[in-house]
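Chain naming follows the written order as A, B, C and D, and within any one chain the residues start at number 1.
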Amino acid sequence: MVGAFDFVPAIVLLPFFSFLVALFLGKYMPKGGALAGITATAGSLLLSIWTVLTVAGFTGTATTYQQTLYTWAGGMEGTPLPYELTFGLLIDPLSSMMLLIVTLVAFLVHVFSLGYMNDEGETGLPRYYAGLGLFSASMLGFVVADNLLMAFMFFELVGLCSYLLIGFWFREEAPPSAAKKAFLVTRFGDYFFLIGVVAVFATFGTAAFAGDGSFPALAEAALAGEGGGDVNTLFGLDPQAWFTVVGLLVLGGVVGKSAQFPLHTWLPDAMEGPTPVSALIHAATMVAAGVYLVARMYGFYALTPTTLAIIAFVGGFTALFAATMGVVKREIKQVLAYSTISQYGYMMLALGSGGYIAATFHLMTHAFFKALLFLGAGSVIIAMHHNENMWDMGGLKDRMPTTYYTFLAGSLALAGIFPFSGFWSKDEVLYEALVHGLGGSPLLLAAWAMGLLAVFFTGFYTFRMVFLTFHGKPRTDTARNPHGVRWNVKGPLAVLAVLAVVAGFINMVPVAKLTGLEIEFLHDWLAHGPSGLTSEHYSELTHDYANYSVGTLVGGELGTALISGAVSLGLALAGAGLAYSLYNVPEPVEHTDRLGSAKDVLFNNYYQDEYQVWLANDVARGISRGADKFDQGVVDGVVNGISSVSLLSGSRVRRIQTGVVSNYAALLTLGLVALLVILGLQGGWFV
Amino acid sequence: MIIEALIAFTFAAALVTFVLPDRLAGRGAFALSLVPVLGSLYMWSQFDASGNALLGGQTAFETVIPWLEVAGYEISWYVGVDGISLPLVVLTTVLTSLAIVSAWTPIQHRQSQFFGLMLFMEANLLGVFTALDFFLWFIFWEAVLVPMYFLIGVWGGPRRKYAAIKFFVYTNAASLIMFIGFMALVLGLGDSTSSFALPDVAQALRGGDLGSFYGLDANTLRVVAFAAMFFGFAVKVPVVPVHTWLPDAHVEAPTPVSVMLAGVLLKMGTYALLRFNFTMLPEVAVEYAPFIAAIAVLSVIYGAMLALAQQDLKRIVAYSSVSSMGYVILGLVAYTAYGVGGATFQMVAHGLISGLMFMAVGVIYNTTHTRMVGDMSGMADRMPVTTGILIAGAFGYMGLPLMAGFAAEFFIFTGAFQSSVIAGNGLALFTAAAMFGIVIVAGYLLFAMQRTLFGPFRLDTDYEVGPAPLHDTLPLAVLLVCIIALGVAPEIFFSMITDAVDPVIGGVLQ
Amino acid sequence: MVPPQYYLLLAAAIFCIGLFGILTRRNALLFLMSVELMLNAANINLVAFSVYWGNVTGQTLSLFTMALAAAEVAIGIGIILTLYRNFGDVDVTDAASMRW
Amino acid sequence: MTTKPQLNDDSNFLPGLAALGLFVVMAVVFLQAEFGAPEGFPADVSIVASIGYAMFDISADQLQQQIVSAEGFLAAFLIMAIALDVAIDAAVYLAKREEAGEVVTALVEDVRSDDPTSGGEPSSGRGPAARADGGYDSSDASSGGDR
């Protein structure tokens, strides 16, 4: 019987065809290929919904699907190769959920682009829609990947699309530079990722995510002392240490792609791209790829406490670090960029502290509300004639109510205000970090503390942005007479706003704990699936191998949950309140001067860019110039030296050729004498 | 007989082209060069070899005709292909045809000689990749230098004579050393072989028949011969620190010649390394693996660093070839199926990708008459198709998945990482170090692209810039399609390569 | 009979005298004379060994040598003439244009 | 103070030492060498006649007379004859000179004094001997005379 799973390849291929169509035929089509992209992503969305329903068990019998589709290399009969490199599909609750998110956001972004790109009369639209199509295809390919190599390959393709789309306005100076930076920084992370992939193959002989022969399963068996013979650790390390190394190597790619400290610097620059691209790539999906990867191979990470601790700590630190930078930014998209970094920090924090479900939950809610916020920002930018400076806005609330209310919904979700979706997910992240930290991990507590502190800053910068943009009095003429937006902008905003409000309800943990109702739908969703890929299995692993245990504050689990939720909500409201008092006035002023010298540090993003640019420009280029001098001077100098030695000796030796007959005769005579003497000595003539 | 027919036809085509009028030479040479392409594709379709031609495998299209006898050694016309050489034969014919098309625009004088020499070179290259007798092979090997010398020296840039002489003398001197090394081996084999046929020599050497020669015992002789041959081929590859002829040659050579130089001629070096050093003397390769791996890593990283410092687009691609060829050495020394197979695959992949890059740079040069990064910006505005393909090629060079370069590099990395050729997984560390090349390559290509292709349009030379003609961009597109095809389905070549590579690695590492 | 050593010594002496002339003199005519001496040294050896082997081949050859010497003188004089005409002198070191 | 009379010679005697050295080496070698007794010629044969027969390849069995054996030299004789002929031609060629645009050769007085540029056409007044010396043409003469 033909089921949804048979059409999963089509989810990936449809956007790919739209890429081809837009690239080659786009200029002959109305709307520059947009319709092809919209059709394709709509098709993918429908198929994804079908897939999700199937995974949920509504339509068929099989609820998960794992199938190798194509042998990329090494599949020959009798091949000497130790393992095959394959492409395959892995559809389980996690990937099907991600499929739904990606296709939905991609579809909405395509629609929104009609308003943002087509209506604004941009040129090069076929290129734009081709990029979007290729991006969607790559991201979906990454999501359905059933092994690490395939994941890596699509991960890289996603990076390519990001490069192409950030640099879409290539005729200006800044976008190509930002595109280059984005690709380079993520490439630096991918370098470690690639070593990790290669190391996984070297260690396990497979890179499959799921199944008995998958590498998380093999690793678990090795650590449990069974079947360690199949696992080949390198450098004489014991399995635990080596798995930690491998995990950290793969994590390099995650840190790069998910813009975690210290490889986060590309993301704010990436805002040079068109805003729908920012929404799709740099908020909802591509940046999620890193986090998704950790979730995908969580069975492996859960085995190594060191890796988990590092993930958690990096996540917590990034959450706080990025949030503090977000508070002083002037451009609306910059604020959103730093908030994106910060929010992915939360997801990493959750993953590192054993909160697989929390991370997935936040991934989902964040995708909706951040896409919403970016598209809302896009709407504002259209209205403001592509002026992104919030200090030139103000008072847009009355002139663009749809945008305002949707944006507000997203902001409330982002700030984590009850009962918007962000509240539920962020609360669960912090709860997981707290309980596992209390269970005996000071490092997790520290990460939790940073995450908690970041909640305050999140509330502050979010509402600073809202107030500066929409409240008060218009500060410029464009803000007084904004450009209108059409249905194709408002529609996606409305859809996402609804989701941003309600998405949290699928997993209201505190409510469930309080009332005892079975409403933790996401928990149930992720708890089923292929064995070894379920959240229950993961919590066993973190408990058994990473020694994560649950500690509580007063009142047991319920009390802890409530306290945690109340504290974070309180901090978020405090931040929002501070923003309200400072910026919700008719003529807001910059308060950054009060920060003193911290202001410069924050404006300069803690000089992160400076040192990375210094590394890339001064150090690397300096070394390369030195190497070039060395090469031209010494290496090539030796080569040219040899040639000049032979030329010189030639010019010396030829002086024998004097042209004077007597000299030749003398040489002849001397030669004859020497020859006679040698022959005589050898032949014994002189004896 | 198809190989003979192919080579003979190509020689004849070269002669015909020599006497064609200049006006027709380009078109004529292209038409003639299509025959070898079809021939090689036919060979591919009829390919039935298995195993390694040198190590007792079944060789396809084999011909043995006794030719001479010198000092008790038989010299034959002995040709055939196996899974290692066939991809290179196909690469040669395809790339020559495309290079000929790409020469239509830039070559504006002495066309008939130019295209004749290109075809002459193709014939000799086919000989190099198909010959299985050392003397025959050596004749072709040396004969390749002659057309290359003239192609650089006559149609090159301002310093063409320096570059041509440097190229010729450097590689020729290296060939001499290699020749001495190989002859010492053959003579050291004594009565074990009575011919210079590579299979005989290889099997005798792997059989442990090496005796002493001229006061050197078998082990010393092995090492000395390995070193001599390694040096000889390393110059051709080229490997740091004997690479300095390459940038000069590339910069001075006209674009189509650069395409051939980077695309095929460099592969002669790696092909010969695989056929001679790594097939015949695996013990030495394993013993000195740390040293060879260090050279490979040095080539990768140092070559890439040099590319980062360059301002001339062609120099950038030239140095990055040094870098990419380092990967091949790394793969070869791994002695795993993925490593050696990947190295062979990289020969083809790099041939296509570097050919594409040089061609694309050449197309830009044809219109702008400058290759300096600082002299132009915003070319994407005026030459969208060329730029698009150049970007695609550059990403192929950076190892973008689903393009040939990634497949090759991944095979090499995964093969080298798990190789036990150095005790204690030492090669894994070398591999990890070499892999950093993928970051640097992205660095210099992205920097160069950002500065030349993007930003506002500006050009420091006074030329009218418009889209390139179709016959300039079509070869680029064909190459790009090939690269993507190989990247999506590397098995096209990789299965036959691994089949042929298996005997080489067999028994070397436990 | 006289042992061949003496002839050889005599021939060597004459040859070396001729050679000495060639090496030390710059006058082309003296060159020519020195060459004659050297040819005659060869002739002495030919004749001496002719006697030594009891075979007239050597003597016949010495006749040919003499004839050749005559030819050589004819050419030599011609060359000297040309030399004189071109350089105004018969100094052999003047004609040094065939150098590096 | 009177100076010692000096040999007014432009010679450099240093290279002469090489000749002296050669003599010493040869002398040492010759004196060290062992030769048997020379065979000599029979007393009753004519050596000059033998040489004569040898020159024309006439072997002993064609003759009544006893001669000393030798190899045949007929070919060498003929070659030598040609060589001598060439030598005399060459001598004549080398001796020719150019005076005020006129070619003066050793054999023929110039007969075309008023037309030195008459090119490759041999003028009627010149004999075959002039042609044999290769110098009937003024352009040839100038190129020949330089070297």
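By definition in this document, a residue touches a chain if its C-beta (ideal position, glycine included) is under 8 Å from a C-beta of that chain, and two chains touch if they have at least 3 such contacts.
Source: prediction; values computed, not measured.
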**Report entry** Which of A-B and A-C has more C-beta pairs touching across its chains
**Finding:** A-B
Report summary line: Cα centre of subunit A to Cα centre of subunit B, whole Å, reads 37
Report task. Please work out the Cα centroid separation of subunit B and subunit C, and write it as a whole number of Å. Result -> 63
Query raised in the report: Roughly how far is subunit A from subunit C, going centre to centre by Cα mean, in whole Å?
Result: 96
Requested in this report: For subunit C and subunit D, let me know how many angstrom lie between their CA-based centres, rounded off.
Outcome: 11
Requested in this report: Please list all residues of subunit A that touch 2 or more other chains.
Outcome: 662, 665-666, 669
Query raised in the report: On subunit D, where are the residues touching two or more other chains?
Result: 15, 18-19, 22, 26, 33
Requested in this report: Mark out which residues of subunit C touch at least two other chains, giving numbers and ranges.
Outcome: 19, 23-26
**Report entry** Chain-level touch network, classified as line, ring, star, complete or other
**Finding:** other
**Report entry** Of all residues in subunit A, those that touch subunit C in their complex
**Finding:** 654-655, 657-662, 665-666, 669
Report summary line: The answer for subunit A against subunit B in the complex is residues 71-76, 79-82, 85, 149, 152-154, 156-157, 160, 164, 167, 170-173, 175-177, 179-180, 183-184, 187-188, 190-191, 194-195, 197-199, 201-202, 232, 234-236, 616, 620-621, 623-625, 627-628, 631, 635-636, 639, 643
Query raised in the report: Which positions of subunit C touch subunit D when the two form their complex?
Result: 1-5, 8-9, 12-13, 15-17, 19-20, 23-26, 51-57, 59-60, 63-64, 67-68, 70-72, 74-75, 77-79, 81-82, 85-86, 91
Report summary line: So, in the complex, the side of subunit B touching subunit A is made of residues 166, 169-170, 240-241, 243-245, 302, 305-310, 336-338, 341, 378, 380-381, 391, 395, 398-402, 406-407, 410-411, 413-414, 417-418, 424-425, 428, 431-432, 435-436, 438-440, 442-443, 446-447, 449-450, 453-457, 489-491, 494-495, 498-499, 501-502, 505-506
Requested in this report: Would you tell me which residues of subunit A are touching subunit D in their complex?
Outcome: 662-663, 665-666, 669-670, 672-673, 676-677, 680, 685-687
